[in-house]
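Consider the two complexes below, in which subunit A is the common component and subunit B and subunit C are the respective partners.
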Partner chain A sequence: MTEAPPQPPRTRRKRRPRAGRRTAWLLTAPAVVVMLAVGAYPVGYAIWLSLQRYDLRFPSQRGFVGLGNYAAVLGARVFWTDLGATAVITAIAVTAELVLGFAIALTLRRGLAGRRAVHAALLLPYGIITVVAAFAWQYAATPDLSFLSGRAWLGERWSSFAVVIATEVWKTTPLAALLLLAGLAAVPEELMDTAKMDGATAWQRFRRVMLPGIRPVLLVVLLYRTLDSVRVFDTVFIQTNGANGTETVSLLAYDQLAGRLNLGLGSAVSVLLFLLSAAIALGFVWVFRADLRELYRPRPVEPDEPDPEDVW
Partner chain B sequence: MPRFAAALLTALLAAPLLVACGGDRDGGVTLHWYVKVEASGSYRQAAQRCSDASAGRYRIELEPLPQTSDDQREQLIRRLAARDRTVDIMGMDVIWTAEFAGAGWLRPWTGARAEQVSAGVLAGPLATARYQGRLWAAPLNSNTQLLWYWKSRTPDPPATWDQVISAAEALPRGRNQVAVQGGRYEGYTVWVNSLLASAGTQLVTDADRPARARAALADAPARRALAVIRRLATSPVADPGLSADTEVDTRQAMLSGAAAFSLNYPEVYAAVRDEAPALLPDLGWTRYPQVVPGQPSRPPLGGINLGISAYSPHPEQAFAAAACLRSAENQQVGAVRGGLPPTIAAGYDDPAVVRAFPFGDLLRASIAAAAPRPATPAYSDVSLAVQQVLHPPASVNPDKDVPELRRTIDDALASKALL
Partner chain C sequence: MRRLGWYAGSAVILLVAAVPVLWILSLSLKSPATVTDKRLWPSDPTLANYRSIAGSALFTHALLNSVGIGLITTVLAVVLATPAAYALTRLQFRGKALVLPLTLAIAVFPPVAIVGPLFDLWRALRLYDTWPGLVIPYLSFSVPLAMWTLAAAFRGVPWEMAEAAQADGATPWQSFRRVVLPLARPGMITAAILVFFFAWNDFVFAISLTSSDRSRTVPAALAFFPGDAQFAQPVGSIAAAAVVVTVPVLVAALVFQRRLVAGLTAGVVTR
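Take a look at the complex of A and B:
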């Protein structure tokens, strides 16, 4: 759609930065428009819907209700129950993914024969569509179909959570492992060897050398997985559809929107979930701001480096 | 990348035009019939027969809907809310009539057309197609549940829920389950509704007048109905996976021999006949159990009605096609091939149907006595409320749950509360 703009004639070399800035804006405009269309517009529309009583099945009753939907959501016990279920899944799944992912990354770092094959095999669960993985684990947890046991895992609350969480962990640990493996590359072998020669124990080397080196990546994985997990939908939808107290907040929003066509209530739940994700992200970035800065460790700026806007 | 985006955009913009051109190729119109997948192929056969008989006026194309009623409804209402013009005829679960009609998504059946598809139809199924005095759909199939059991394990069929559970408890472990639909889905509401009706109360009063509709649930009968759920769910004869069980599981429990009893649709008979024919002579059936001894039970009422979408561009052809699809001949094919109980009363006397349904008279009597689920536009909300308060089955506490269910259903009817 957009061809690269023709190279400006050399005479424009002395243009003021402001003109360059305008070009930059023009160049990014299409992307900004698309982002606004697919990101900001739906979010804004959802906020607008959440302030209305609007059920597609009762169009005549449509009207502005202010924060009424939010009061209904926050006053409903089911919202808090679902929030609790979401928290349980998130806390356990993300912890397990980090621990297992780290263990796998450490093993891979040692260098194995056929490392490429191991990498590929490791990524396989991540490449499988979540719905398919959810069905596979559901079958594994169903008596008569299962090769595991005759227990009806999805018949009780805590075993249902176990199946949901196991599916999530099985599917996402590989990604965590690979990201952490990449992060481990930032900890030079020589540093570890030096520490060893200096008489540091394995634990000390892990705590004092490796962990600080990989901390920024670890935090990014933690943030990414937490945000993902707070919005967990497909696994629960397939395996229990929220039965036995495993309903999550995103499933609740789906029920109001897709099942009841209650756009007002459903949007209110969605907006609250959006705010929760935003709060987690912002809070996380603030608490760990020093560590995250490490990720973008800036190159020292040369005083006479040319202004990037003046490259023409 | 930009080029790819442009191509994608062009394709997206052009797609509806192509679809719009596809319709009227050979003179007649193409009608899209959205209906659940019917494994035996009887719907496909009916669609073919009606298309052929229309002499080129229309061609019916099957658009398969998902397996469960909840999923079918979700797909249809999404299309209807978006005013999808490619939906002409809908195979509607009997519980959707009020909701779809109230939302303005259906064209009513009137005059001679209405008479044609109501004549000779069983009263219960016909009532499920009516809302606020008008006919909104043509009954295609009916359905109800029977109590299925093994004659070798239970020589005398029990008549009440207490007898069923006691009889099962006397049987050896591993072969003594009472298989019911306890999963968190519409099938559970079906069970609850029939228990309540059998006990002498109901979920909602004045269901078809939204402004006046309220939770009914007379105290003593409602508690009595919920006590049945509690007794079964906490008994060793309940499937450990009860809270996830659907019709598929309860049918499988009969086939595998784990269940001594199953409350289920006639598909059980077809499944045993086709998959375990050696067991067929041992398979027994009797009427849905009573809650109160001596007070006739009110079995569930299921089935499919044919509705015409308000957004269909070809209503005339769609009405004619739907009337053809529900004809006596096509209902007979559905019964014989697919085990789908007819809505036309005389269908049960057809010799071919009698052979397909050795329990045909019981089926017809059960449908006549069946308790419909509330015909309120907020039905799906009411059903969610039932599932929210009463699920999982083992958590049911009759004393505590009756007032809470009443409150939650009132909220659901107002469609203002989170469910």
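Take a look at the complex of A and C:
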């Protein structure tokens, strides 16, 4: 009988990962099952509904129509008008939020006494529910109620857009600013100083040092805000309810589904909106080669790493 | 000079952030006679609007619905997401690479995309205009959101401590419960607050999947507030209701200020 010392450790080594794998799935499964049941299943059902003629006012006419609803939606002028309105709001709002958010972040970076108050103030718009923000700005734009001006801002197209966009920008710029501020904190101060000593101009320092440093944050802010703007609903519903050519794609879908009870057409609009969002998200990941898995990787602990709460 | 610029910039930020909120507060304190006087400072402040909404079942029920539905959603989302976020950050397993895209895909889809199917299903399942009828769709957003926030929190946990506990003879469960969970608690609180904000803020589901004060939440109730006079929005009452739903959230945001900002930014700053 010869001793076989490698035997027991090997089985143990083999068994451990398998047991770990099972535990991992036991831990993950409830969340995944719920996400599939409450998220993926309704999306699948929406796709199924979008392939049918299904109007709740005429349930007997229900039937499979293939891509008929999509043809009807894509052939309707209103869809393209609403897509245009959505694009206008998204483009202007996201640009303004990035520029203003960056300006605020740069201001706060050189924080002096009282920056606590400014941080608190930034949470004000963020903490307010969108519907309330929409009412606040609607009243500010109503001649009888406003302290601003006697103009009926919500009476015509471009000024209506201005009010909607102002509301969106007011509500979400603080979040962009806080995220960018956190990103700026990750840009090493010494690197900026070194660049300055080496004679780099402010613009060069911005281009070569700061921008690469905050690139990941910039991408997250841009992606998150674009997706959010593309589905803009609350503000428009409260302030104009789609009047003056401000109807967005979300509003069109809601109108078909809840207003006209046409589940087939409404679902087709929803699925198109979903495809648009997915395309934007995938486009971002592809164009910028963003590796989102990075966010789930354990972070190496560095002894001199600043406490994230000390960042501000 | 720099200093001056900083103070000027900060003053502008404070002003822009605060004025619309103060405007709503001011409107809520005005009587119908002075509501159109365009003054920021109410000349004749009155609590009549607050008394009127406190006496309206429409509003008090909506407030109760918002709190109840928000709390249930928060508890369920955090309980479901905590083990999943732990497994995703800490363990290797087959299929892990599929979970993240699924989480992201669900997090990015527009709510209005599932309003139609849910409306149809909820009528068949008798979930239309009920609390579960809103909690279930809220989970579709809050579970990914909580997983995201919690994964960021778990990434910051010093795992050597958990390993040391296990080396000292603790079972994996004991080390998780005694060492990891307490360390991750701040992240869990952040996740809970964010999820509650989300549920408290939702509008699309609230107006599409409810029809009465049985389950209608505050944002939906605000949008459908009946006017005293036809064609006239009850500005004072809406403003008062808006203040009431804003104050608790703002207090929470200010109390948990640092934690909230750390949580909002944790997933973003990778290094």
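In the analysis below, the second predicted complex is superposed on the first by the 271 of 312 C-alpha atoms of A that agree within 3 Å, B and C clash if a C-alpha of one lies under 4 Å from a C-alpha of the other, contacts with A are read in each partner's own complex, and residues count from 1 in each chain.
Quick note on the criterion: contacts are C-beta pairs under 8 Å (C-beta built on N, C-alpha and C of every residue); 3 or more make two chains touch, one makes a residue touch a chain.
Since the structure is predicted, the reported quantities are computational estimates derived from the model, not experimental observations.
Novice: Let me test your reading of the model: by the given contact rule, A:88 touches which partner, first (subunit B), second (subunit C), both or neither?
Specialist: Neither partner.
Novice: Taking the superposition as given, does A:258 touch the first partner, subunit B, the second, subunit C, both, or neither?
Specialist: In the superposed model, A:258 contacts both subunit B and subunit C.
Novice: Can you tell me whether subunit B or subunit C touches more residues on subunit A?
Specialist: Larger number of subunit A residues touched: C.
Novice: Tell me the contact category for A:55 with respect to subunit B and subunit C: first, second, both or neither.
Specialist: first
Novice: Output check: A:45 vs subunit B and subunit C. Expected answer is one of first, second, both, neither. What do you get?
Specialist: In the superposition, A:45 contacts subunit C only.
Novice: In the superposed arrangement, which partner chain does A:216 touch: subunit B (first), subunit C (second), both, or neither?
Specialist: Second partner only.
Novice: Considering only the touch criterion stated at the top, classify A:182 as touching first (subunit B), second (subunit C), both, or neither.
Specialist: Second partner only.
Novice: Is A:144 touching anything from subunit B or subunit C once the two structures are fitted on A? First, second, both or neither.
Specialist: both
Novice: Using the touch definition from the top, say if A:110 reaches subunit B (first), subunit C (second), both or neither.
Specialist: second
Novice: Could you pull out which residues of subunit A sit against subunit B in one structure and against subunit C in the other?
Specialist: Common to the two interfaces on subunit A: residues 30, 144, 258.
Novice: State the interface residues of subunit A toward subunit B in the complex, per the touch definition above.
Specialist: Those residues of subunit A that touch subunit B are 1-2, 30, 53, 55-59, 72-73, 76, 78-79, 142-144, 151-152, 154-156, 240-244, 252, 255-256, 258-262, 265, 269.
Novice: Touching subunit A in the complex: which residues of subunit C?
Specialist: Where subunit C meets subunit A, its residues are 2-3, 6-7, 9-10, 13-14, 16-18, 20-21, 23-24, 27, 35-36, 38-40, 80-81, 83-84, 86-97, 99-100, 102-106, 108-121, 136-137, 139-140, 143-144, 147-148, 151-152, 155-156, 158-160, 172, 197, 200-201, 203-204, 207-208, 218-219, 222-223, 235, 238-239, 242, 245-246, 249-250, 252-254, 257-262, 264-271.
Novice: Within the complex, which stretch of subunit B touches subunit A?
Specialist: Subunit B reaches subunit A through residues 2-3, 5-6, 70, 74, 77-78, 81, 99, 102-104, 183-185, 239-244, 252, 256, 377-378, 380-381, 384, 388, 391-392, 415-419.
Novice: Using the touch definition up top, name the residues of subunit A that touch subunit C in the complex.
Specialist: Touch residues, subunit A against subunit C: 17, 20-21, 23-28, 30-32, 34-36, 38-40, 42-43, 45-46, 49, 103-104, 107-108, 110-112, 114-115, 117-133, 135-137, 139-140, 144-147, 170, 174-175, 178-179, 181-183, 185-186, 216-217, 220, 227, 230-231, 233-234, 237-238, 250, 253-254, 257-258, 263, 266-267, 270-271, 273-274, 277-278, 281, 292-299, 301, 308-309, 311-312.
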